[in-house]
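Down below is the structure, laid out as structure tokens.
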Amino acid sequence: MNLDTLNKLLESVADGRTSVTAARDLLKDLSVEDIGYAHIDHHRALRKGFPEVIYGEGKTAGQIDGIMEKMAAQEDIILVTRLDAEKAGFLLERHPNAEYHADARILLMAPGEIPEIGKGTIAVISAGTSDIPVAREAYLTAHAMGNRVETIWDVGVAGIHRLFAHKAVIDQANVLIVVAGMEGALPSVVAGLVNRPVIGVPTSIGYGVSLGGMTALFAMLNSCSSNVAVVNIDNGFGAGYLAAMMNRE
Amino acid sequence: MNLDTLNKLLESVADGRTSVTAARDLLKDLSVEDIGYAHIDHHRALRKGFPEVIYGEGKTAGQIDGIMEKMAAQEDIILVTRLDAEKAGFLLERHPNAEYHADARILLMAPGEIPEIGKGTIAVISAGTSDIPVAREAYLTAHAMGNRVETIWDVGVAGIHRLFAHKAVIDQANVLIVVAGMEGALPSVVAGLVNRPVIGVPTSIGYGVSLGGMTALFAMLNSCSSNVAVVNIDNGFGAGYLAAMMNRE
Amino acid sequence: MNLDTLNKLLESVADGRTSVTAARDLLKDLSVEDIGYAHIDHHRALRKGFPEVIYGEGKTAGQIDGIMEKMAAQEDIILVTRLDAEKAGFLLERHPNAEYHADARILLMAPGEIPEIGKGTIAVISAGTSDIPVAREAYLTAHAMGNRVETIWDVGVAGIHRLFAHKAVIDQANVLIVVAGMEGALPSVVAGLVNRPVIGVPTSIGYGVSLGGMTALFAMLNSCSSNVAVVNIDNGFGAGYLAAMMNRE
Amino acid sequence: MNLDTLNKLLESVADGRTSVTAARDLLKDLSVEDIGYAHIDHHRALRKGFPEVIYGEGKTAGQIDGIMEKMAAQEDIILVTRLDAEKAGFLLERHPNAEYHADARILLMAPGEIPEIGKGTIAVISAGTSDIPVAREAYLTAHAMGNRVETIWDVGVAGIHRLFAHKAVIDQANVLIVVAGMEGALPSVVAGLVNRPVIGVPTSIGYGVSLGGMTALFAMLNSCSSNVAVVNIDNGFGAGYLAAMMNRE
Amino acid sequence: MNLDTLNKLLESVADGRTSVTAARDLLKDLSVEDIGYAHIDHHRALRKGFPEVIYGEGKTAGQIDGIMEKMAAQEDIILVTRLDAEKAGFLLERHPNAEYHADARILLMAPGEIPEIGKGTIAVISAGTSDIPVAREAYLTAHAMGNRVETIWDVGVAGIHRLFAHKAVIDQANVLIVVAGMEGALPSVVAGLVNRPVIGVPTSIGYGVSLGGMTALFAMLNSCSSNVAVVNIDNGFGAGYLAAMMNRE
Amino acid sequence: MNLDTLNKLLESVADGRTSVTAARDLLKDLSVEDIGYAHIDHHRALRKGFPEVIYGEGKTAGQIDGIMEKMAAQEDIILVTRLDAEKAGFLLERHPNAEYHADARILLMAPGEIPEIGKGTIAVISAGTSDIPVAREAYLTAHAMGNRVETIWDVGVAGIHRLFAHKAVIDQANVLIVVAGMEGALPSVVAGLVNRPVIGVPTSIGYGVSLGGMTALFAMLNSCSSNVAVVNIDNGFGAGYLAAMMNRE
Amino acid sequence: MNLDTLNKLLESVADGRTSVTAARDLLKDLSVEDIGYAHIDHHRALRKGFPEVIYGEGKTAGQIDGIMEKMAAQEDIILVTRLDAEKAGFLLERHPNAEYHADARILLMAPGEIPEIGKGTIAVISAGTSDIPVAREAYLTAHAMGNRVETIWDVGVAGIHRLFAHKAVIDQANVLIVVAGMEGALPSVVAGLVNRPVIGVPTSIGYGVSLGGMTALFAMLNSCSSNVAVVNIDNGFGAGYLAAMMNRE
Amino acid sequence: MNLDTLNKLLESVADGRTSVTAARDLLKDLSVEDIGYAHIDHHRALRKGFPEVIYGEGKTAGQIDGIMEKMAAQEDIILVTRLDAEKAGFLLERHPNAEYHADARILLMAPGEIPEIGKGTIAVISAGTSDIPVAREAYLTAHAMGNRVETIWDVGVAGIHRLFAHKAVIDQANVLIVVAGMEGALPSVVAGLVNRPVIGVPTSIGYGVSLGGMTALFAMLNSCSSNVAVVNIDNGFGAGYLAAMMNRE
């Protein structure tokens, strides 16, 4: 339930279309609903403008299903991240209108077209082909939150003319998400070209002293470009979420 | 030189107030000026809306002075960060209109009042008293870049009612900078309360397994609140800079 | 054999109900019994008030069974931790009165109801749904050692009002166990609310720079609340055991 | 202000000895007092039974003095930890009734004899002579909080008969604090002897792969004795504080 | 070929029992034999008193077989370490007189009884039941090299009376190997009791901050007992080998 | 397309053998071709003298196939590294003239004999048998790039006379690649013998504190011989590539 | 003594200009001269084409002086690295023809102009002004070894147009040394532009997770450009030495 | 007091030369003497054949003096390690017959010539000149414990012919101590040459990824020579002590 739907409910009570009892039942768990293994924070959409997102790892398919059912009573859009294919299969059977994106390991349940509410464009750029799954997680999250998103894949610094070929998209973006593994150098270069915030997403792509993404992470945190903020390794979701926050009016 | 001053110069040439020769001399190093030990990127203010910032560590006072002189010919505002008191003394003698902020180790040279250009308020919050120097670096940077900035000091999670006492400032901020050492928990709590981007700044305050700020950094990167982006340890400057980027129209 | 059963045995010898020979056979391995691959410390229940707990990892099912048989001759309660489902299956066939808790990977053999001997209540709190297995290990251990235990699941700091909804349970607890992965911030917040010892249990839940629980561990060790003690990552057992020690008269 | 002094104040108001105005002035900052660089949590003594402790590192002597003055209006006992000799000198001049313990870097201000309120004895044990400063910090903290404390110095595991010579003190303690650097083995051995909680305090004593205390810390967290909880490296204060919490009725 | 067999061969040539040609063929690869994927160091037994030991990990079964065949022409005893069961099955078919010890992952080929050449007894002590496989690797290596070896299993420091029950064996040993995971404290305690060299072998047994054996390793390197030398994690072979070197006349 | 083929194409246009249209089609994607999931850098062979090499890890077999097809239109030699056997099977069916080297996980497609263009010999030396796969990756890469390559396997420092037996090959090499795991000492020793550049390749062979090759890497970076440069752990490809660069006229 | 001077000496003996006795005295320590605290490797210049370089750190000024005196009898050029100003002062008094370069901490003793023997140009590029001291160490070493060296300072990736301004120098270099701290991204970008070997030198410039240069080091080792080899952090000397090796005929 | 002096005392009592009272006073603290800040383990010389060694770091000069006085009543030889020059000055004034070795930071008090009791020779070998102080600590310790010790300095692997020049000393040693920083390769090479135990001592000499000696330590623990045992970084004392243990009859 977001501010909009809350307003509509209260107006509906005011003009008698909804009974007080019915409204009370809808609102009684508004703050938080305790279902034993989880406290569902229905208040979150009011407070933060987007409902709680379900982190799929470490939860059983049954637990996720239980949370989805409770949320479905209140929210339009439900997003499950870090969901493996097996759990996704179970959930798709019970929520046939959901869509599973295997590359990004995201399950998205949304009512038709998602209205665009972001004020500008978000650009998602990946350094390598192998970084695409994380970049796609960022793309889908920002998209689900109502943003126009452009993507540019495989433009790492070893052949820097590939990046410059996309200068137009880069220049007009309001927020940029740059996804890179290995030496994680791309966010520095991109951020040096623009005057907008750049969100660096290190990936675990690489071997040896890529250290599961630590090297890319640390490189981005040490960026000599000052307009780079960083999220956790492989955290495409967080980058998409943050970009949506920055792209609000 | 920013877009505004470039426009004015060209208009001045157009109506004859400035000779072509004089303008050429002003513009000839616009892209980049090579003074041996440094390439000064005069183009940066045009490209990024704010002139190059001088990182004081590892440069001699003489080198900083040389860079400042070249920049002063083109820019209104000059910012030197990570400047120790000794070098600051040397520079203040040669640039008497600059101001040195010893706690934040920042030297700021600005022509009177800095005009406010940010669209909203930036809140800077510190978890402890010992984190204030880093928080001040963020404050001064965002301020120098033309933003209204509010500050709240010493509201760490061990007495969480202290934080809630400042809920009004927190709720109305457009961007929030949260500075914390030790366990670095404050950004998660603050981000859980708002629907705006939060920039976490880990500090090196602590001992033992605070690991010089690594623990706070990693904690912030693992925040269970999704709207937290992170910068390097003790990087108050970067946080202020990024916040300014996000607070632009 | 604990102090109580030792007293009873000696009284039984004193009034002739038990022969000296029978008592000697029972007592001869009291200190420690060497069965080749293990020294069973029967003295432990006398010394520490609770019999040795069998750590299941790295032992074969046969070795565990052998130790259980020797212990069963002397002890009422037997606890096996870190036991995978396969070994548990083997052991349940041979010890049908035992109970296996798959989520907590604990096998518990106890004679009916366990008498309550703790002086107050122990509260076990988990930050996330994914942390429940570790929290359950703590719960079962404290329960097996004769304590009243209350549980609160999924009240992490990203929506801190969820925690405050349980203030009554938190306030009345004599010892608190707080289980959290990711940034590990919950113990600091809880400890700030109470004047009782809080045992922080970091979990390996998270990814990237959660570093398998190291970040949560270090965050807890750096807690700005002073009444937090910490155990090893995922060590729910140790937390339950320590809480029982603290909850004794 | 603790529960006791609050009761007395209210009784004094009730029977007219104190005016409402005077009481209001005393109580108006009870929750938290904002003095710019610090939020003083006067509520803490009510909530936690002991007033806020001032962490001296990273604060200027002037800041500490300011906080002490505000606290002195409300509290009997003031404790400053991690205070170097220079700042201590400044503070002793302004608070002549305080006492500075140079080895433990603690400044303690207390009105005469501190009444004993702990229910049993706390034992503080150090592995080596070089660990004594940290052990003394634990001792002074527990003492300041009203506990009977016994100490045993220099009984490390390389000559384990030294430890056994003190078995009587060890056996009768209600809580044990064991301070050790290098391989950090002593807490495991001590905890194996008793059925009470043991707080392990790793110290930074050692060289090479003692890693500034990390090895001792990790060893203690891996203790094969289950009744060991651990605090941060060199955190004698935290150990003393926790022990006091555990030693309350 | 060791000194003894070399002597015999030369005597046999001297008195005409062996032809020069035959001897030359036996000796021509004495220094080193290059078989493409390996240089077999036949000179080693002469130089070091024991033939090359084959490290099984990272070699194919075929490569190990090829090396064994070349060595069998010159050596009595062949030892293959870190050999998994599958490769062992392949090799046992081709070398039926070899024996595979699955717990220690060692394959040993020896002609009947191995003569005892060590001057005293080697004691191998394990802290826990789970450490036995590594301890067995040490035992088998020292045994294969001609030493009398005594073993004591599961006498960790959490119940230190278990260790003292074996004081006689400990006191009479010429060299001691102490195998321990988790906090790795046992070598320090044992070394404090004796005046002989102690070889500490850290194992990867444990979880969380046992860090795959790093904690035990570092603890042993920081031992406050000076007569502890250390080998790599899980390196039972190295410990057995070194002990044999120390136990020579 | 390299300089040679570009010259030929232009000559062919000049004398009318190739139409302008046909040449334009061949050249239009010369700089970079965007196929959605990848930007193929056809310009690379012109710029760097060798076409782009496909890094197989993290790409699907389909993606690799798509890239190979586009490249085949322009290049003679195609190299795919870090390719597992399953993907290789898929690709071999579609590119039957390619050859898969399972030990080195390399797929090489080359038109018959590769002409030798290097000015001297490259020597590839491995410390152990288990290091051969990485050494083979280096060998195949340098070979594919047109170099004469000599190999010496299994000459680690524990029997240093094995190395000296190959002094002739070592002395005459123009560039040396030395591959070693465990303590990574061999590059130092080899580099001490020659006056040519030595490329050290650490491998992940070892256990315990070999730390997946970090120890060998760090050892090589600390080499007391100054003519050692280092590449990432297990990066045989990079070593072969670099050696080819150094071996050019 | 190098090949050239050895030839001349022998010719001088052959035609009677030098007595056998005098030659013998000059040659008797040719292989190695033991002066107690050091073995001077006079053979090195013969073997490696350049005399031993004295690493100044950890040696007393007296020890360095002693080594210099022995070397001066045999060599033209003496290089001392990592020499602090105090020791340099002592040595300059005793070797007045030496020159001390304070920024690079190098003392160089050479007889007038050093003849150029390298076959091409070596380019030394630094990412920042603060990296210049390390870059200067590389420059001076390569220069002392007889190479033409070009330098480009302060062209980091945050303003990448600064780098492109120097494309001519970059394109014509035979070997490139790229010196960078912080995120260490510059070698990747430079290496992507050329077909020559690039030696990356990470510096300890930076703070927080620059980790004393580890981040730059790891980033360079993970370079997505294949023609990057890496030396130890701040090892300008090694880079210069290696570049000289690569630049030989 | 060692076995010898104890025998003499008891004989003296037996034949009436010493009164029972006098002997009792001498023997009453034999096990352990508690002087407040230290438990002096007089029993150690009986148990371990050498009196307790005083670790100077972290103890005040006064504490060391106090321990020395108590020990002097019972022991002939007193060794203080890790003693800085300032404390040594204080102690030399009060114990004029002691000798301070500044390079090794050792204070040794011994009655004239120390009798040789070791059965063979101990060789101490250093890789570099900068490693000599640690090597000297090993030398002095082994010497103080009654061993013949040979030393070879500065024979690192970059010029391996320097090592081979000392093959005679190496071959005849009973135990070898090899001291090396940087890549720590020397122990592997030496151990490959002999059939005796080699004690590797990593030093903190080096920079960058020498990581304060960790790289040398890990390299030695990964030695491909099996007869290498390792002690802590810079622990020359431990190596000398262990070598003495191994060199006993």
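For clarity, chains are labelled A, B, C, D, E, F, G and H in written order, and residue numbers in each chain start from 1.
Just so we're on the same page, a contact is a pair of C-beta atoms (placed from the backbone, for glycine too) under 8 Å apart; a residue touches a chain by one contact, two chains touch by 3 or more.
These numbers come from a predicted model, not from an experiment.
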B-G, F-H or F-G checked against A-C; over half of contact pairs coincide for B-G
Comparing F-H with E-F, the busier interface by C-beta pairs is F-H
Distance in whole angstrom between the CA centres of chain C and chain D is 28
Dist(centroid_CA(chain A), centroid_CA(chain G)) in Å evaluates to 50
In whole angstrom, the CA-centroid distance of chain C from chain H equals 45
Expressed in whole Å, how far the mean CA point of chain B lies from that of chain D is 39
Each of the following residues of chain D touches two or more other chains, namely 128, 159, 193, 208-210, 214, 217, 221-222, 232
Checked against the stated definition, the touching pairs are A-B, A-C, A-F, A-G, B-C, B-D, B-G, C-D, C-E, D-E, D-H, E-F, E-H, F-G, F-H, G-H
Note: in the complex, chain H contacts chain E through residues 47-50, 53, 193-197, 199, 217, 221-222, 226-232, 237-238, 241-242, 245-246, 248
Contacts from chain C onto chain A in the complex sit at residues 128-130, 132, 153-155, 159, 161-162, 165, 205, 207-210
Chain C contacts chain B in the complex at 127-128, 156-160, 182-185, 188-189, 191-193, 206, 208-211, 214-225
Note: in the complex, chain F contacts chain A through residues 31-32, 34, 36-39, 41, 43-44, 55, 57-59, 63, 82, 202, 204, 212-214, 217, 232-235
